[in-house]
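Listed below are the structures to be examined.
Both of the next two complexes hold chain A, though its partner changes from chain B to chain C.
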Partner chain A sequence: MRHQRWFTPWVLVIPALTWLLVFNLWPSINTVILSFTNAKPLGGGTFVGLKNFETLLHDEQLRWALLNSVIYMVVCLPFLTVLPLLLAVLVEKKLPGITFFRTAFYTPVVASAVVVALIWQWILDDRGLVNGLAEKLGVISGPLPFLSDQWLLLLSAISLTIWKGLGYYMIIYLAALGNVGRELHQAAAVDGAGPLRRFVHVTIPGVRGTMILISILISVSALRVFSELFILSGGKGGPGGRDNSVVMLIQQYSQGFEGNLGYASALSIVLFFVTVVPMLILARLNRRGAEA
Partner chain B sequence: MRRRRPAVVAMLAAAALTLAGCGLGSEDSGGSGGAKPTVDANAQVTGEVSFQTWALKPKFTSYVEGVIKAFEAKYPGTKVTWLDQPGDGYDKKVLSQASAGQLPDVTNLPPDFALSLAKQNMLLDVAAADPKIKDEYVEGGVQAYQYQGMDGTFGYPWYLNTDIDYWNATKFAAAGLDVKNPPKTFDELLAAAKVMHDKTGGKEYLMSRLPGIGDFTNAGVKILSDDGKKFVFNTPEAAALLDKYRDAYKAGYMPRDILTNEYLGNSKLFTQSKVAWTTGGGNAIQDFVKDNPSLKGKVVPSPALDTPPLYVQGLSVSAKTKNQAAAIALARFVTNAENQAAFAKIVNIFPSTKASASDPYFSKSDGTPESDAKVLAFESLAKAKVLQPPVISGATNDFIGQQISLAIAGKISSQAALDAAVAKANQLLTQ
Partner chain C sequence: MSVVTDPVRPVEAPARSTPPRRKGSFGFNSISPRERVARYVLLVFVLLITIGPFLWQLSTSLKGSGEDIYTRIPRLLPAQPTFDHYKAVTETIPVWDYARNSLVVAVLVVGGNVIGASLAGFAISRLQFRGRKLVLGLFLATLVLPGEVTIISQYVTVREFGLANTLFGVALPGMIGALNVLLMYNAFRSLPVEVDQAAVVDGANAWQRFLYIGLPSVRGTISVIAIFAFIGAWDDFLWPLIVLTDPDKYTLTVGLQYLSGTFSNNPRLIAAGTMIAFIPIVIVFATLQRFFFKGVEEGAVKG
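This part shows the complex of A and B:
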């Protein structure tokens, strides 16, 4: 036992390494290879050089999709970073019946994205709950086009994402709040700090790392949004496809027997770089904050 | 700095892992004539053969098993292995089977699926082995498996369907329209939509769908060039049709949500009693009433506007089958007049054999709206046509739909929408 051979650890690692290479790394490399071809699901296709990337430079649909993805991220990021923290602070308190509120806030998280989006579709359509109520109350004279106007549809999808994400990030914050020392709060209180000052000077610094992590998660999710926009737009990406996200475009191009895997792969590469940028920015912010 | 590089590489690799991975398929064979069989229809039939259907279990298990038993009894020494795939994701299942070279010997493929496989020489030209196919099956069914620019017939037509029109009699009466004399053309439909809108103060809708390629075909617009290599539907006639829809939309004759409605949106709205017209197969009344019992007795069928669409399902034979004789014999047996008629009577679809045309089950109504609908649909098959060419891929269809919705919403002109749709469709066709 003491004279362990040099290759023993490698033998033990081989199954995991094989899994990693075959099912994780190879598909990613394959995506890069495919992006330089005109491959279809039933044919490897031929090498077309940078043609797919040239095409996407002039692709108006991609421009709209990128714009939508960026808007999605910019709007979702502050709401989903701050609101769940406030919720977590509220439900952290040990009060009678607080479990009900914790459960209520978390319920949208466990509901299927498709079911949730369908329910919102019924709520928001021209004869749906919101328009019906608003018309009965006399707030509006005609229904608001939540699902047929380019910007209102995007806003509706963003609202849905925020509503569904609140509980999820609240749970992460709850875990982080448990690690913020109670003695810090007590010391601040002794020094005369009120609840707001304790929140700003004790709670927020205490969960700063979690906030950065959540910001990264939100950014990546927002840039890769699919279900909400897909369902609310009836799978069509809204009028003129102007509510598409990049993932929806990838899905549209890769679907079916005649799917254009080459172009869809090129779009995947674009999405990869678009996703990495905010991750790097937030990671750098985190490092700077930690060094300060 | 030295330690940073591996970290960056590792991070990039980890992030790349989240990207979708896609398998490289086989090299494009570039064939245009399809695979020719090496046996004829009279070759000895024996041995094992696999047969794949699309969502027939468990509802039609006994029927399929009965047909298989009859086949095995007719051809002693044969054994059929039946595979039934679920309804959702069937295209993906067939794709993975084809990519892995494991397509079953006989597979249920609609014409657009079969086209892609035929282009890769994965299907047999069944008419080459069985020239009688053209005599025994209806013309539209056979033609659905013949493609522009390719020689051959790549499937036995199995069963057919078409759409007819359905009207909500209560809504017609409320608008002062005569449900016994419903619109017969698109222009009459527009006129009736105006009446319904005006008489109900804009509260009721008749129309509830955007036009598609099938509507252009119906309006006499040529979709593809003669050699099948270019889309050409950006004509003034197509633009005029879009203009009519745009004007109707602007006037409020259609719900605004149709811009983002799914394919079956109009039938959903009809079932919810939100609109007074939809299209559907010959058995659609049962579905409407099942989903909304208050529609019972209110739904009146009539023939489709202009040219009815033809929907075809068929059985194709894999080019890689090791038992061509048995595979061809099985596809022919399952689709013969007797078996198709029996199947059509339990599924409410229509047989594709010429011999079934005189079957009174399909051609005589018992006077109920359900039975009327079935007979209307059956009679419509005689002039039904495949309105959308199978070369239109999912991405092409999506893009065309998006441009149409832009035009209907009045964001761009109809001609500009069609020009953009044709340019993109041609780009996707040649890629």
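This part shows the complex of A and C:
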């Protein structure tokens, strides 16, 4: 069926295609090119060969950043695959006022990561809400240094990411639950399966595909984390820069006279490989599961 | 509508010997009073976890300067409520300018995406042309790439256009997102082909089919894209932080970060600043959430 002039489709596609080429494809190629240079944020730069990659190998901050990323991913994965599913089941049933609850649960997703991190900074401060309450209850004698201890800071940022992500994954699960057959649930109920058994044997298998998709999304976004760590650490990356993420390092090298876009590009290539690996593993798991 | 959201209808009884049951009391869909209470208790518990921190921040922003905000017994309600900190924030840093900058960026991004993505999505799903598969493949391929990987060379590209440190430079790369093109592609694809064929028989050209048949039936997806694009642009932090160097061009998120550095010793001021950034987006979302959730369900049923 060809009922238009040959160029009409192209007229419609060209704006989007131009954006794709100029702001996605070309930058991907250019990242590789830049990584062999010492390009500066204000322009200029020359070819330096493999120097950036040699520096990467000895970069202690990068090692910490990669370790943080792995911890981030490993901690976030179980919490963010399971809790949002439970939430979705909770808000699935149409009860009076359920729309209000759905919307409210989604609020942390809508708020900017900067706003959210500033709010949590105040709650986790040495004199903030959490320490105040804990001291009042006599659980602790002195304030816990949530924002200045290397590991507590990382843990705080992880908790914040989990808290902010709940509503987002809840909505994805909610959409998926709509496709789990009601008949199956009814059949299981008739067979005498209680709510818990129905959840384990009907709901979970029904949303299995979504669960894997969500695991991929969580892994990738855990590795890309920036704002939470940046704000909670006051932009400094924690004590001795040990709470940086890879993206924070990229941002640091993108600024000022001391900046080095070539090195930032080499870091971007590291980020690319780090995010692609879990994606491939989970995609393979998905395929194997589908065959079985 | 999906099967799930409809209450289960009683099967039509062959003989009307039994009185008709009340709606909702039939079989599986019914909820016992105990379950109802348990559900509401859980809902309220999660509600406290999700919006509690926002309320705490709102409360801090309204607490008077004489009030002890570090007290060990936290008080949610301010004892001497005041808007002074809001005034102080707007007087010391140009919050309204930041908000206007954020708005400019968000409007450009929303406009670009709604127009660009629906045009391209329509062409790829409803029109036939050589190279269609390749174009679709290109859009799919970019999804694998996290944006942060290319952010540095995107900056170099924007700088070469002479747009570094401009609001247009902040908006430009996000004005047509590959994901949005694919969402529109998906939405248009689910329309029956027969409608198009009928329109062609009636002599409608591609533009007319786009405007009068395509667009009206994908309003749900368009609103989802518009809402997400707005929130994404309003909330974005890393990209404007890289592009903007001039404090008077800052967007709200970058400005807030600057604010927190300047007033790190005064949580009331920071709280007021965060509320100024937070409240508009909540209003936008609360007003449009109807379309948002409907669009999400629409996508679920079709996908």
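Convention: the second predicted complex is superposed on the first by the 268 of 292 C-alpha atoms of A that agree within 3 Å, B and C clash if a C-alpha of one lies under 4 Å from a C-alpha of the other, contacts with A are read in each partner's own complex, and residues count from 1 in each chain.
The working rule: a contact is a pair of C-beta atoms (placed from the backbone, for glycine too) under 8 Å apart; a residue touches a chain by one contact, two chains touch by 3 or more.
Not measured: the values here are computed from a predicted model.
Upon superposition of the two complexes on chain A, a steric clash is found between chain B and chain C.
Number of chain A residues touched is higher for C, counting chain B against chain C. When the two structures are aligned on the shared chain, A:53 is found in touch with neither chain B nor chain C.
In the superposition on chain A, A:30 makes contact with both chain B and chain C.
After overlaying the two complexes on the shared chain, residue contacts for A:239 are found with chain B alone; chain C is out of touch.
After overlaying the two complexes on the shared chain, residue contacts for A:113 are found with chain C alone; chain B is out of touch.
Contacts of A:79 after superposition: neither chain B nor chain C is touched. In the overlay built on the shared chain, the residue A:268 is in contact with chain B and with chain C.
When the two complexes are overlaid on their common chain A, residue A:199 makes contact with neither chain B nor chain C.
Contacts of A:153 after superposition: chain B is touched, whereas chain C is not reached. Clashing C-alpha atoms with chain B appear in a single stretch of chain C, chosen from 39-47, 147-155, 183-191 or 219-227: 147-155.
Overlap of the chain B and chain C contact sets on chain A: residues 24-28, 30-31, 34, 39, 41, 43, 125, 127, 234-235, 250, 254-255, 261, 264-265, 268-269, 271-272, 275-276, 279. Per the touch definition, chain B reaches chain A in the complex via residues 12-13, 15-29, 91, 95, 98-99, 112-113, 115-117, 119-120, 122, 255-262, 265, 274, 391, 393-396, 398-399, 401-403, 405-406, 409, 411-412, 427-428, 431. Residues of chain A that touch chain B in their complex: 24-28, 30-34, 38-46, 55, 61, 125-127, 143, 145, 147-148, 153, 232-242, 250, 252-265, 268-269, 271-272, 275-276, 279.
Here chain C touches chain A in the complex through residues 2-5, 7-8, 27-28, 31, 36, 39-40, 42-43, 46-47, 49-51, 53-54, 56-57, 60, 70-74, 115-117, 119-120, 122-124, 127-129, 132, 135, 138-139, 142, 144-146, 148-157, 159, 172-173, 175-176, 178, 181, 196-197, 200, 205-207, 210, 231, 234-238, 241-242, 252-253, 256-257, 260-261, 264, 267, 270-271, 273-274, 277-278, 281-282, 285-286, 289, 293, 296-297, 299-301, 303, going by the rule given at the top.
By the touch criterion stated above, chain A contacts chain C in their complex at residues 1-4, 6, 8-10, 12-13, 15-17, 19-20, 22-28, 30-31, 34, 39, 41, 43, 87, 90-95, 98-99, 101-108, 110-116, 118-123, 125, 127, 129, 132-133, 135-136, 163, 166-167, 171, 174-182, 185-186, 189, 220, 223-224, 226-227, 230-231, 234-235, 247, 250-251, 254-255, 261, 264-265, 268-269, 271-272, 275-276, 279.
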